[in-house]
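Heads up, the next two complexes both have subunit A, just with different partners, subunit B and then subunit C.
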Partner chain A sequence: MSDPMAEIRASFFIECEELLESLQDGLQMMDDGDTDSETINVVFRAVHSIKGGAGAFGLDDLVRFAHRFETAMDEVRTGRFVPDAEAIRLFFACADILGDLVRAARDEETVSEDITGPALEKIDVLVGLEEEEEEELDFTPATLSFDLDIGGDLGGLPNLPDLPDLSTFPTASETEDEITEFSPVGGAKGFQVIFKPEDSLYASGNEPLYLFRALRDLGDISVVCKCSALPDLDHLNPDTGYLSWVVTVHTEEAELSVREVFEFVDGLCLLEISPLSGRAPAALPDLPPAISAPATPPKPEQAAPTPLVPSPPIIPDIEMPNAPAAPVVKSAPIASVSDDAEDEFSLSSPNATSGSTKTTGTPTQPRATVRVDLERIDRLVNLVGELVINQAMLSQSVAEAGLPPNSPVSTGLEEFLQLTRDIQESVMMIRAQPIKSLFQRMGRIVRESSASVGKEVRLHTDGENTEVDKTVIERLADPLTHMIRNAVDHGLESPETRLAAGKPREGHVTLTAQHRSGRIVIEVADDGAGINRERVKEKAIEKGLIPADAQLSESDIDNLLFLPGFSTASAISNLSGRGVGMDVVRSSIQSLGGRINITSQEGKGTTFSISLPLTLAVLDGMVVRVADETLVVPLNAILETLTLTDGDLKALGPETHVVQIRGGFVPLLDLGAELGYRSPLDSYVGGIVLLIGQEDGNRAALAVDAIEDQRQVVIKGLEGSYGRVPGIAAATILGDGQIALILDPMDLVSQASGRTKIRQPQHSLVG
Partner chain B sequence: MSLEVLAVDDSRTMRDMLNLALSSAGFTAHLAEDGVHGLEVLEDIEPDVIITDINMPRMDGFGFIDAVRSEEKWSRIPILVLTTESADELKAKARAAGATGWIVKPFDPAKLVKALQMVAG
Partner chain C sequence: MALRDQLRVIVVDDMSTSRGLIANALDSFGIRNVASAADGPSALQKLAVAPVHLVISDYNMPGMDGLQLLHALRSNSATRGVGFLLITGRADREIIDMGKRLGMNNFLKKPFDPAGLRAAMEAIVGKL
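And now, the complex of A and B:
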């Protein structure tokens, strides 16, 4: 096994991320006006648990910050401080810093005190806490080491008898209270401990025997039990402690070590510790019994285990020497001293029953989860991909063999197909995780960017539990960050402008995720001023991106934002202005097989909509033939397929046709011509078209020669070898071993529409 | 002596650490995520000693100890409280709730084992 502490450490950082998530959630709820104590508790607990774990790993910076943050949250929890909006903003900032500290600790980096210091000072001032004295930080982190084999050590120790064999001890005639046969070693180092438990000691679950054993770890001991306070059985109250002990410990250790043994029972007993001297030991003082003889009969079922010592009614004091060869080692519970007495006293000994009914199965574990190396999952995903290809090949062979559809092979294959699909879905689910973590990071982006440009912005999120492939989530972080900053920086107006426009001071950015027709759609919407299209167009002409006389629809203008080198902000702001433009955002989305769209309404706001495939590995496709080439069109892009009749087609020019579908017109694209396989046909009557739908509602008809099949295909990326090919998303291997290209129909349509636009602006294909 | 220990803590890291410390010492560790879960686990096993965190969701440590102590068959099981505070107030509170002793986090595994031996042999 690899280093268990390293594993726990890694797991701790994963847990921290979860705790930071609940921290954010809780603060968000508090920000939304939730004052429920459990909400505040969740926040407190998150900080508290991070501190606890950090302490165990000696992460001092993290502990220090978490401790102060926790103290502030404790003020809130106990109601001594009621946070207002400003306080909650500060808590958010502290949560962000706490996250930074966690990640810095994980990556073995440090976070500057310039960041942590001011936040802590603010929080102390706000909550009304004095800056803490160093000494109050008695939470000293102790780095743990598990090298010592404690179990082995214990095994080497001699067994201490649970109780001495009474038969070897004096009988009833010798009932002296005082200890007489105690022979101290002259000048010996050590302590004499006088110990008289109160009843509460037993009630709290403490057990003198174990304390003596702990004392024995310090050195040789001898124990004398003083039993004279024990009444006869008729008067014995099992809830009362009648016994007291004098323990002599021969040890080099300091008194503190002895005292530590009694830490848990401090206040629950009479305890006197005195150093051993050369002179004779003090006689055991006459300790009064805690309770005199009971008025009520004993209740055996509530009996304390220790005070019960069986008859004879008068018990001698017992010396329990610490010799390995001590008489009679009994593994039975301490109350049952001898076999004769066992029957009488078994009731009062809970350990007696617990010992025999113990379940020795596997230890109970919390909800079962396994952490798996991502590489292993990816290998599984690849294998499932191969399985899908294999299954396709098998299907093809079976089809070619001409077996009847009800043959066992065909029905078996049908089941195989279903199973393959189930396996593929299950495997993809392993990789999927809620998009929540990504959305939460955006909360911080909004807070920081709004603060830096002096705007008041509130982030709303919806659909946080939508599950998305892990890789997609990771690769969405940068584009999404940029879009959020854009929304805050360019999308939303300043508070003054908003007020003048009759809007609330506070701007809103809404982040939503949802599944829509087999894809994930993520929207970033602001309620700002909307795109100033005049300004965008001017800028594009100024930069030579479009001709001065270009006729563009509103959506065409909006899409200019995605052109490389476009920036509308006259002064480059330190937020979103420099370097990365929306063109980079678009290409990152496209590299994920996704698309991005803008819709904007003047005065109302702008919405960016990203549409992504559910998985990056397999897709449902329609296999089509065009000019003797086999191509795959993603099924989720196809709205319907139709055969064209003469009446459906309208020619707008020599090479431009539209298809009339239920009263609307949709531009026709010849797939063969678009991909350069052939020249445009003279007539498309009788041809087959695939109706393609885009997220923005625009449609196009793709003319193909034949539809061959509909099946799952495994995506094999082309970008590694060929870079991005316009109109082509990827490639796949078909059942017959042939390679087919997978189309990106939307890209194809935009490419075509771009060309058409410049040539024939009056017939905008997507307008 | 091998002990069977029930450790209740809502922090996975802390559970992992307790598990490691306890199993390194040759003890059998049973783990639970909070008080409610702890009581469920107690239905199946009879530990020699219980270790519990205080601040937990659903049922906190005080509620858990209370529930354990009020159940006759569990009333004598030694219970150690895990806490980051060594404040006397907290000790008093833990004791009032019926705890046998306490362990201050972050714990030293050797001290944890010693504390367990002090209350459960």
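And now, the complex of A and C:
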């Protein structure tokens, strides 16, 4: 058996990531001007919980930092310190460091004092506090005395408190004003079902469990069994039903749907269905406002800690703690469920019912989740891939067997096909996760990079809950980081320049994600000066990337940024000038099957737009034949396909041809020759070419022998066995069991242009 | 039968790590009847159908904190007699005084080790 502590420790670090996320969220809300006490509480609690867990595992560095951060947040929470923008920036920095410390602890590394020290000093200066002395607290534990009766009665439970009925809690209508704070589901829609089967229900073979299961299909349910009517064993009649149930159904469905569940037991039970009217029946009364966090923070000059409790004590009549009641199981059957509720519930203090706090930020019930090892999911993804292939093979055999299309086998196969697709989609959805974590990391990049170049930048994010494949999220981190740095460094102007241009000092970078026509679109937009096209063009000419007399459209010029070795900043700053250009960004996006686009407006800003496929496991491909080999070309790389006529072709040399397409020239690449399947043909007239396009406008024509099909193929990586093969992205298995390579056409084209010196830009950019 | 064989406990904490740690410690004491809940309201719901002898609850939880849970327990005749051990990261005087007033049986400051938890529990229920 694995070490339970190791497991708990591992789950602690996962939980920390969630806490860090809510910490970032909370700080962001504070930064946006939210001063709600619950927001501050969320921030406090995140730090507090990380500290608590870290303490249990003896992660001292983490505890030390978290403790002082927590103390600062406590000052904010109690209203003793009101943070300004600068303080919130510091909190953000602390949150970042806290994240570093968590990850360092996880990986058993350390974070240098040089990083944590200054932040802590700043915190102490800012909040102005000294390490508090541990208070001596006098508390005498209150002992419960169990009258242990081991004499073998049922379970031998000593003095078990009486079975409390949930129905003894007040129902919504009875205590209209008090309930909301503790309601597990805010603004609940649904019904409360009181269900008391008669003996005849059991006698006719019905089983309440099945009814509850049917209710569960309508939505989340909670079931409370009332067993107080159960007599003791001597008086129990085995043929009598003593139990009744209160079921809370959270559903959007109409009452009729709930009634339908009980259709078959109509007349065999007592049934009361009442709408929840926006409140859960299980809610408990609120505490007086004094116990919850102070809604309005006391003024700072009230330096003394605010008392949590008003005097006199609010619950005067509790007979605790030394004398726990020793109730016995009641044998008197209850008359009816609702009467019982009224009779038994009473609040111990009138005070407790009088003050109702306004519900602020009722926590949303988190959805039930399961943590699964990624490897297991990937194995499932792989298996589903196999299933898709298998199904394709089966389809092919059926087609070859010449069965009529309406034969049971064919129609069954149709359904099979649909199911396979559904399974595949569902499995891919398991791998998907909100892009939020990535966006939050970008927040840190903006904070750090703006500070280092002395600009004031605010990051806005939108569509954080857009779900993206986990691998895509991981592999997007680097290109996105670079683009954000670029936007801060090059995109936005200095505060002075902005003011001079009539813009606010603070620059804005907006990061958005959304689903659009089966793809994910991520945009990085800044409200900076836009691309200075004159300078870009000069630079490109200077570097010999384009001829001096090139006629370029605005978009052509913008796309020059993606050319290898291009950098517009005349002086390389310490941010973006790290040897990584936009060309690298583009190729990493392309390796994910994505495209990147740029739009810019002088004086208004620049937007980079990345479009990505939803999944990395399948792609839409065109199946082609070249020299008796079957290949797959990703559909998103193909702009158009055409058949060559004599007039389209121009020879530039013995083996170099270009194709004239609508006035532009595009280099021709013989796929067969390029992959070494055969030597170049003498003539390509009458042949088929695929026009391959890149986002920057570079194009190439791939000559193939025939186009066979267009279909979804399952991607099988080659890199594990063969390393990276130039021009080849992956492989797949076709319906007939044949293995086909999936091309990486862009790579193939750039390989070829490097070798045969096809001077692309002149031709392609005017194309 | 020892007390630990009969004792029923519910652990209430919003952090699954903490629930795991406490459950692990209870397991090592030989306590088998352990339920858990991630927040006060669901703890109350669980207690309504499966009563316990001892509630071990974190103080700082979203929505309903440990003392509010304690108040709710003490306000209901059915759960009034249950033992209550508060686990808190900050043993501020206000929290402890409030706990005292509400009828908290004992408290334990984080971080704690299994021995500390055991001692805090035994102070309430007696020798495990």
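Everything that follows uses one rule, which is that the second predicted complex is superposed on the first by the 387 of 767 C-alpha atoms of A that agree within 3 Å, B and C clash if a C-alpha of one lies under 4 Å from a C-alpha of the other, contacts with A are read in each partner's own complex, and residues count from 1 in each chain.
One rule holds for everything that comes next: a contact is a pair of C-beta atoms (placed from the backbone, for glycine too) under 8 Å apart; a residue touches a chain by one contact, two chains touch by 3 or more.
The structure displayed is predicted, hence computed values, not measured ones.
A.B. asks: Which partner does A:Val224 contact after superposing on A: first (subunit B), second (subunit C), both, neither?
C.D. replies: In the superposed model, A:Val224 contacts subunit C only, not subunit B.
A.B. asks: Between subunit B (first) and subunit C (second), which does A:Val261 come into contact with in this model arrangement: first, second, both, or neither?
C.D. replies: After superposing on A, A:Val261 lies in contact with subunit B but is clear of subunit C.
A.B. asks: Is A:Asn206 touching anything from subunit B or subunit C once the two structures are fitted on A? First, second, both or neither.
C.D. replies: After superposition on chain A, A:Asn206 lies in contact with subunit B alone.
A.B. asks: Taking the superposition as given, does A:Val42 touch the first partner, subunit B, the second, subunit C, both, or neither?
C.D. replies: In the superposed model, A:Val42 contacts both subunit B and subunit C.
A.B. asks: With both complexes overlaid on chain A, does A:Ser11 touch subunit B (first), subunit C (second), both or neither?
C.D. replies: Touch status of A:Ser11: both partners.
A.B. asks: Considering only the touch criterion stated at the top, classify A:Arg485 as touching first (subunit B), second (subunit C), both, or neither.
C.D. replies: neither
A.B. asks: Between subunit B (first) and subunit C (second), which, if any, makes contact with A:Arg64: first, second, both or neither?
C.D. replies: Neither: A:Arg64 stays clear of subunit B and subunit C.
A.B. asks: Considering only touches as defined above, state whether A:Arg519 meets subunit B (first), subunit C (second), both or neither.
C.D. replies: Once the two structures are laid over each other on A, A:Arg519 reaches no partner at all.
A.B. asks: Residues of subunit A touched: more by subunit B or subunit C?
C.D. replies: C
A.B. asks: Enumerate the residues of subunit A that count as touching subunit B in its complex and touching subunit C in the other.
C.D. replies: 4-5, 7-8, 11-12, 15, 41-42, 45, 48-49, 51-53, 55-56, 139, 141-142, 144-146, 148, 150, 155, 305, 363, 366
A.B. asks: Going by the contact rule at the top, pick out the subunit A residues touching subunit B in the complex.
C.D. replies: 4-5, 7-8, 11-12, 15, 38, 41-42, 44-45, 48-49, 51-53, 55-56, 138-139, 141-142, 144-146, 148-152, 154-155, 203-207, 209-211, 213-214, 217, 261, 263-264, 267-268, 301-302, 304-305, 350-351, 354, 357-359, 361, 363-367
A.B. asks: In the complex of these two chains, what residues of subunit B are touching subunit A?
C.D. replies: 1-2, 4, 10-17, 20-21, 24-33, 37, 41, 44-46, 48, 55-57, 72-73, 75-79, 84, 86, 95, 98-102, 105-110, 113-115, 117-121
A.B. asks: Where on subunit A is subunit C touching in the complex?
C.D. replies: 4-5, 7-8, 11-12, 15, 41-42, 45, 48-49, 51-53, 55-56, 58, 63, 70, 74, 135, 137, 139, 141-146, 148, 150, 155-166, 168-169, 181-184, 222, 224-225, 282-285, 287, 291-292, 305, 307-309, 313-315, 318-321, 324-327, 344-345, 347-348, 352, 362-363, 366
A.B. asks: Subunit A touches which residues of subunit C in the complex?
C.D. replies: 1, 3, 6, 8, 14-18, 20-21, 24, 27, 38-42, 44-45, 47-49, 51, 53-54, 60, 62-64, 67-68, 71-72, 74-83, 89-98, 100-107, 110-112, 120, 123-126
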